[in-house]
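Letters A, B, C, D and E mark the chains as written, and numbering starts fresh at 1 in each.
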Amino acid sequence: MAYVSAPAEPPFRLSMLIYDRRYRSLTFQVIVFILVMAVAWWLVDNTITNLSAMGKDFNFGFLFQRAGYDIPQTLIPYTANDTHFRAAVIGLLNTLLVSILGCIAATVLGVAVGVARLSNNWLFARLMTVYVEIFRNMPLLLWILIIYAIFTEVLPPPNAYRGDDPAASMILFDSVALTNRYTSIPTLAMTNDPGSLDLGARVTINWATISFIVAILGGLYVRRLIGNWAQSIQNATGSRPTTWWMSLAVMTIPSIILIFFFGLHLVPPELKGFNFTGGINVQNSLVALWLALTLYTGAFIAEIVRAGILAVSKGQSEAAFALGMRPKRTMNLVILPQALRVIVPPLISQYLNLMKNSSLAIAVGYMDLRGTLGGTTLNQTGRELESMVLMMATYLVLSLIISAGMNIFNSRVKLKER
Amino acid sequence: MQVSDEVAIEINAMNKWYGTFHVLRDINLTVHRGERIVIAGPSGSGKSTLIRCINRLEEHQSGKIVVDGVELTSDIKNIDKVRSEVGMVFQHFNLFPHLTILENCTLAPIWVRKVPKRQAEETAMHYLTKVKIPDQAHKYPGQLSGGQQQRVAIARSLCMKPRIMLFDEPTSALDPEMIKEVLDTMIELAEEGMTMLCVTHEMGFAQAVANRVIFMDQGQIVEQNNPYDFFNNPQSERTKLFLSQILGH
Amino acid sequence: MQVSDEVAIEINAMNKWYGTFHVLRDINLTVHRGERIVIAGPSGSGKSTLIRCINRLEEHQSGKIVVDGVELTSDIKNIDKVRSEVGMVFQHFNLFPHLTILENCTLAPIWVRKVPKRQAEETAMHYLTKVKIPDQAHKYPGQLSGGQQQRVAIARSLCMKPRIMLFDEPTSALDPEMIKEVLDTMIELAEEGMTMLCVTHEMGFAQAVANRVIFMDQGQIVEQNNPYDFFNNPQSERTKLFLSQILGH
Amino acid sequence: DTLAEVKARGELNCGVNTGLAGFAAPDASGNWTGFDVAICKAVAAAVLGDPAKVKYVPTTGQTRFTALASGEVDVLARNSTWTFSRDTDLKLDFVGVNYFDGQGFMVSKDLGVTSAKELDGATVCIQTGTTTELNLADFFQANNMSYQPVNIDSNAEGEQQYMAGACDAYTTDASGLAATRAAFADPENHIILPEIISKEPLGPAVRHGDSNWGDIVRWTLYALIAAEEYGITSKNLEELAKSSQNPEVQRLLGTTDDLGAMIGLDKEWARRAIAASGNYGEIFAANIGEQTPIGLARGLNAQWTQGGLQYAMPFR
Amino acid sequence: MSDTHAQTVSFVRETMIEASPPPEKQAGAVKWLRENLFSGPVNTALTLLAILAIWFLINHFWNWVAHSVWNANSLNECRQIIRDTWGEGSTGACWAVIRERWNQYTFGFYPMDLYWRPTMSFGLLFVALAPVLFSESRKIRRIVLAVAAVVTLASMIQLNAPTPWLIFAAIVLIGGLIISERNNSWLLVFSLLYPFLGVWWLWGGSLWGPIMVIVGPVLGYIAWKLLGRISPILASVGMIGVTLFWWLALAGRAARDAENILSLAITPVNSDRFGGFLLSTTIGIAAIAISLPLGIVLALARRSDMFLVKSLAVMFIEFIRGVPLITLLFVASLLLNYFLPPGTNFDIILRVIIMVTIFAAAYMAEVIRGGLAALPKGQYEAADALGLDYWKAQRLIILPQALKISIPGIVSTFIGMFKDTTLVTFVGLYDPLKSMSDAVRASTAWKGIYWEPYIFVGAIFFIICFGMSRYSMYLERRLQRDHR
């Protein structure tokens, strides 16, 4: 047998930087690193030169100067005398508000439409297809503009509610006024106001609100206990007791008690002066943006839901049928849990898109983060570099939080494989 | 291995179409309780379709199928009754990947048969022991080998305590080493007297356990016979051709 | 079927880990030019890994592998040299589905060996004729049966004019009807004196063509012998157990 | 050095409004006309010798200053108010005032409002990123009144909202209001309230730090104003250049002294600037004057000799 | 066991039964209705609901659509006509605005006598795309090219294109058609040249500019070939160095000198004249063309096992995907000049294209990464085993397959990006949707017209995007059928 004697480990030669697998990637990475650093340095250097040429600096001090402008709709108190920082926070809260509302509504709509598209009702399924295709294939901006235009052009101005023989009248037992500026809905008032909890920075939260939150969370907790109890009965005897009325009771009764305790009642808006007062005026810019985001994203979600359900192989439902399970059970126990794994990741990236798309608020003058920090503040202070950096960083952080949530979900539901 | 006189499945002049494609033609078949029938035939001959008609995964359009005394019509109650009497094992196992092995086995007993969970789990463990994988009960299907998965699928069906078992090529998606373990399980089942209909190309299995081998071609039953005669003395030309191919190498 | 004294592959005290899992342990193996070696062993014993180390699809961590006088280190030039001398056929064929059969066969000669296209096509047709599918040259892999695909895969490797061929369970993904045609091709190749290492469970093949059968278990070579003695007179307990399983049903 | 850049480029980048009738708006074939546009043309004529060598960059209230600061435009001839912080903190230099304006309110007649003081609780449409936004907040705060702002992005959108009744009042510079109102189908149904709540001196701006370029734009503007004062019009320009005995006119038109050399231009720069679209008065009359649909009176913008505020520094 | 055999009745079928047609109740319209619309109470309710919705829509919009006016010079005139024709108080659509301003919606403020240039560029685009997009089917290619040829030439004649250019376009279109019949991949030469020609046709000016840009890589390639004999590293550095040096230092001057020697200039058109769908398609097509290769590079980088390369790719992709496109556009319009050397100032459309491209590339990278991940490992191994190196394996084996798998994702990224071109309105460009409609409404004649422009622009977007998505579905199905 011929035996090839073992040569010693070859000494390092320069050519190994290219020809040896171990070193080659290192070489390449070092080159890439140097290039990237060079470009980065070049950009930063240019920026410094440009800033100093203009006599500007990079300084976030402007955030604590007086903002001086008003914002139509805020979640926490704000006046023109507040700082730009508070204005930015208002904008961020507004972004979050429309995003969260949009996500919820789009999910509901998308799931309904997605399931409807699979329905064996030919006409209904087609109608849903038309909706999906129309909304997916036209720009979101168009929908925002159209819906906003519908609001301003079709709805009556508050003036139309005036006079003895008004051209328009309030709906829902004279409690809601739809105008081309806002939707005026009744406020909640209390006869026994328990006062508010001061969270600092002029943010307060009413004790009654806290009690309701506690009551609802408590209700949810008790409902879960009831569910567990029903499950244990089922485990023991095989049949599951009816519990929906118990759940209903624990969910509603504490709240009803609280309503009476605080003397909660609705105060409908009233037309006073130029506008409706006394109610909550939800700006049309918010509603239109919300509706447009919902309809647009809903169409995408519908596709995701449909694909997710179709992705569960036919074999799964056949296996369940062969075991004697009914279609509804099969859906709940076999199809949906599997479909969700497919649906949730793209669903969350739709949420991400919706959040980012909410920056189109600019088209309707809704004051979101881009409208305040990236809009008026930027413009009034001339701090475009700082404002843009801060704004992009905020969006980035929001996105990363959402994707982190998605990753956690993915790793939790990942199917175990060999 | 007794075959009783009692009729388990009775198929009478049954026809089925997919659209305009006549997939099953004039099928007549009587299966007695305790009988073990192997169905063979070339690909596309309608074997799977036949077996799937028996628990109404497919609808037939004419003729009659009576399972355990219950006729299969579009009456949902009858279908439910038949399905809970008839277990089915698929070529691709079709385990529920999101549930553990144990949950796979207890799901239907709990929700369909309304068996208490504890009891369902005991039954499940019993059958899992029988198919020799009690220690995998808390793993997920994806973590098992193909052979193990197919055995779980058999156990899952058995947990519903069916009186008839249908197998649709249970070993054809398996590696050669795993075929044996699944066939062993099926043989054991056969020895306990379960009524079985099995579509398979494993001729060794057919010879070992079947009472009857049915040969299908183009949607029809072309030949039925006991295994010995079927293999050694096939009557029709088609059967001969088929056997020469399948036993060729 | 001559075996020369020249050494084709020399593996010396080779070890390989996947992370902390010691998958190949102290492998010593010398393959002479013209030798035909069959590697057998239970699933997970490291057969595929061994074979994949030989053309550096996997990196080994200690010991030495010398192929055709070229030692496999992380030097890319050596790796390229070895790979163009060593052909490999996979269990799942791994044909390129977006290229026709002919393009599959000419791709590497053209781009790696820099053979003119015309000439590469001639060579390809020559080998396709050899594996008996010259008429399929302009079809896509997806249009062929598994057996045909595997033969194309063999032809594709041959087009690089390798001096050594590695086979990793070339028939185990095939339907029973198709195994024979692939084995025939391999036997023909063996008869022409190609150096071959073949992981397979086809014991008939091993008996027919192998000079040596190597039995692996748990990452080690447990037994090597000529086929006759290997099958009829296995030495180790594990080999006996394995043979009983594989030849069992 | 902006002058060299412009010359090298052969084109002046001029920041204008995205569309405000009378001040700057593209017509159907994309030709820009208007009061602000005339400044661009004059500067281009002075610097490059051809009033057509202008690239108009439409800017919104939000993008205008950055466009200037970042060098995207060389001069911003867009109704922008000269304020302390803009002049100092934003690193702009306002070179003069081409229109003395003030912020006002427009309301529909049937609202029955005659004074801005009666607007308590009203909904007001306002362009974001403008000084009007700040003035508005200050005005209502000072008068202890409340209001609901409706933020809009462009004048076109403001008109839409206002006409649909989505706001009770529209506020912007009085000139802008007039221009907007003029374009309505029923101008008589809308009134501009008498209160002018702020001083809005509008003028072209350039980047801070390039005073030579600033000088060119400033003196081009003054050349237009002075031309009106001396009675130089686009019609009699050539004639006066030859015949005028007035030393000031001679200096301005470059027949005697070479003022242009001091700002890096040739002798006849001012002559070309005036020739581009006429003197200040002609420009005013042609774009926003009483004969136009906009119908603005000269008012504060009359020559100082006529009791107005337009006053060109002496050419000497 | 043998006793059981006694019960078996041996059966052999002697005659085969012919297939018969399905029984009658399997077909028929009534059955269809019953099965698809009224198969249960829920189903019936849904059907009624759907009918109600359709009726509501028709009821509300039918009149408006039916009362369309196509010939008028202003909105008031339109309304007058509607009132006169259909009576007081009736409403109707005034499409006259589209009829009067269609050219603005299509070409923006592009000089009217040069309309033929964008038209020609667009028509020839199909020739450039033929080898890339329609390579799958000869028939489709034939149809697309023939239609493009006829429509382009007809429109050019209509738009008074000068005769030499008309002849040129005819040669390219018909030549493309003929060449594509014989050997489609020859057209790739035109595809490679098209970007430069397209830029030249759209923006005008001297052809020497684009030529000098092309010269850069050519010189780089020569440098690479020469230095490649010495050392590959030197070759790569040399190639990049030479190309950049040419572009930055010499190209401009060379173009000017060449122009002085031999003038190849056509009337220049400024970026500020671009608007409407011309702007959208310019941005869209440019961004599509660049984002695909960029996305591939990013995807490969993200899958690389080199830590640094991978992390840089991840950071870049996640950053771009984490911020709204609007903010990137604002960066393009507000901040880009901060990052560049003092005094650089380049076209806003170019800046927007860069940002949209980067944005699309990040999404593209993720789509392609999905395609790469979906490829079975065996493909990589087979390529390795055949001795193909990394780049060859990627180019010949991996990418062709990964891109095909990713087609649906790629196309939906394209669609998304095309729709997003409307956002350029926020940096002051005249997109067809908002800015252009605002501009139209700014004129006294059309003040107050909303729905018609929106519907018109929306319909065009719908046709294009829907068409693209259908085409991708067709391709997907076709690819599934082929090779399989």
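Following the convention adopted for this analysis, a contact is a pair of C-beta atoms (placed from the backbone, for glycine too) under 8 Å apart; a residue touches a chain by one contact, two chains touch by 3 or more.
Since the model is a prediction, treat every value here as computed from it, not as a measurement.
> Which is the least count of steps on a path of touching chains running from chain B to chain E?
Between chain B and chain E, the shortest chain-hopping route counts 1.
> Please identify each chain that touches chain C as well as chain D.
Touching chain C and chain D alike, sorted by label: A, E.
> Comparing centres built from CA atoms, which chain ends up most distant from chain B?
D
> Between chain B and chain C, two copies of one chain sequence, what rotation angle (nearest 5 degrees) aligns their Cα atoms?
170
> Please find which chain has its CA centre nearest to the centre of all protein CA atoms in view.
E
> Using C-alpha centroids, which chain lies at the maximum separation from chain C?
Checked the centroid distances; the maximum from chain C is D.
> Write out the two chains that share the greatest number of C-beta pairs in contact.
A-E
> In angstrom, rounded to a whole number, how far apart do the mean CA points of chain B and chain C lie?
Here the centre of chain C sits 39 Å away from the centre of chain B.
> Rounded to the nearest whole Å, what is the centre-to-centre distance of chain A and chain B, using the mean of the C-alpha atoms as each centre?
That pair's centroid distance is 50 Å.
> Once you find the CA centre of chain A and the CA centre of chain D, what distance in Å lies between them?
Chain centroid spacing, chain A to chain D, equals 43 Å.
> For chain B and chain D, what's the span in angstrom between their mean Cα positions?
Measuring from centre to centre gives 88 Å for this pair.
> Going by the touch rule set out above, which residues of chain B reach two or more other chains?
none
> Going by the touch rule set out above, which residues of chain E reach two or more other chains?
Residues 334-335, 337-338, 426, 450.
> Could you list which residues of chain D touch at least two other chains?
66, 70, 157, 160 - these are the residues of chain D that touch more than one other chain.
> Which stretch or stretches of chain E touch chain D in the complex?
76, 101, 104, 108-110, 112, 270-273, 275, 333-338, 343, 345, 348, 426-428, 430, 435, 438-439, 441-444, 447-448, 450
> In the complex formed with chain A, which residues of chain D make contact?
Residues 61-62, 65-66, 69-70, 86, 89-91, 111, 119-123, 128-129, 133-134, 136-138, 141, 147-153, 157, 160-161, 164-168, 207-209.
> For a test of understanding, state which residues of chain C touch chain A in their complex under the given definition.
Chain C reaches chain A through residues 5-7, 10, 12, 30, 64, 66, 69, 71, 73-77, 79.
> So in the complex, which bits of chain E are touching chain A?
35-37, 39, 43, 46-47, 49-51, 53-54, 231-233, 305-309, 312, 318-319, 321-327, 330-331, 334-335, 337-342, 415, 419-420, 422-423, 425-426, 433-434, 450-451, 454, 457-458, 461-462, 465-466, 469
> Using the touch definition from the top, list the residues of chain A that touch chain B in their complex.
That would be residues 234-239, 313, 315-316, 318-326, 329, 333-334, 337-338, 341, 413, 415-418 of chain A.
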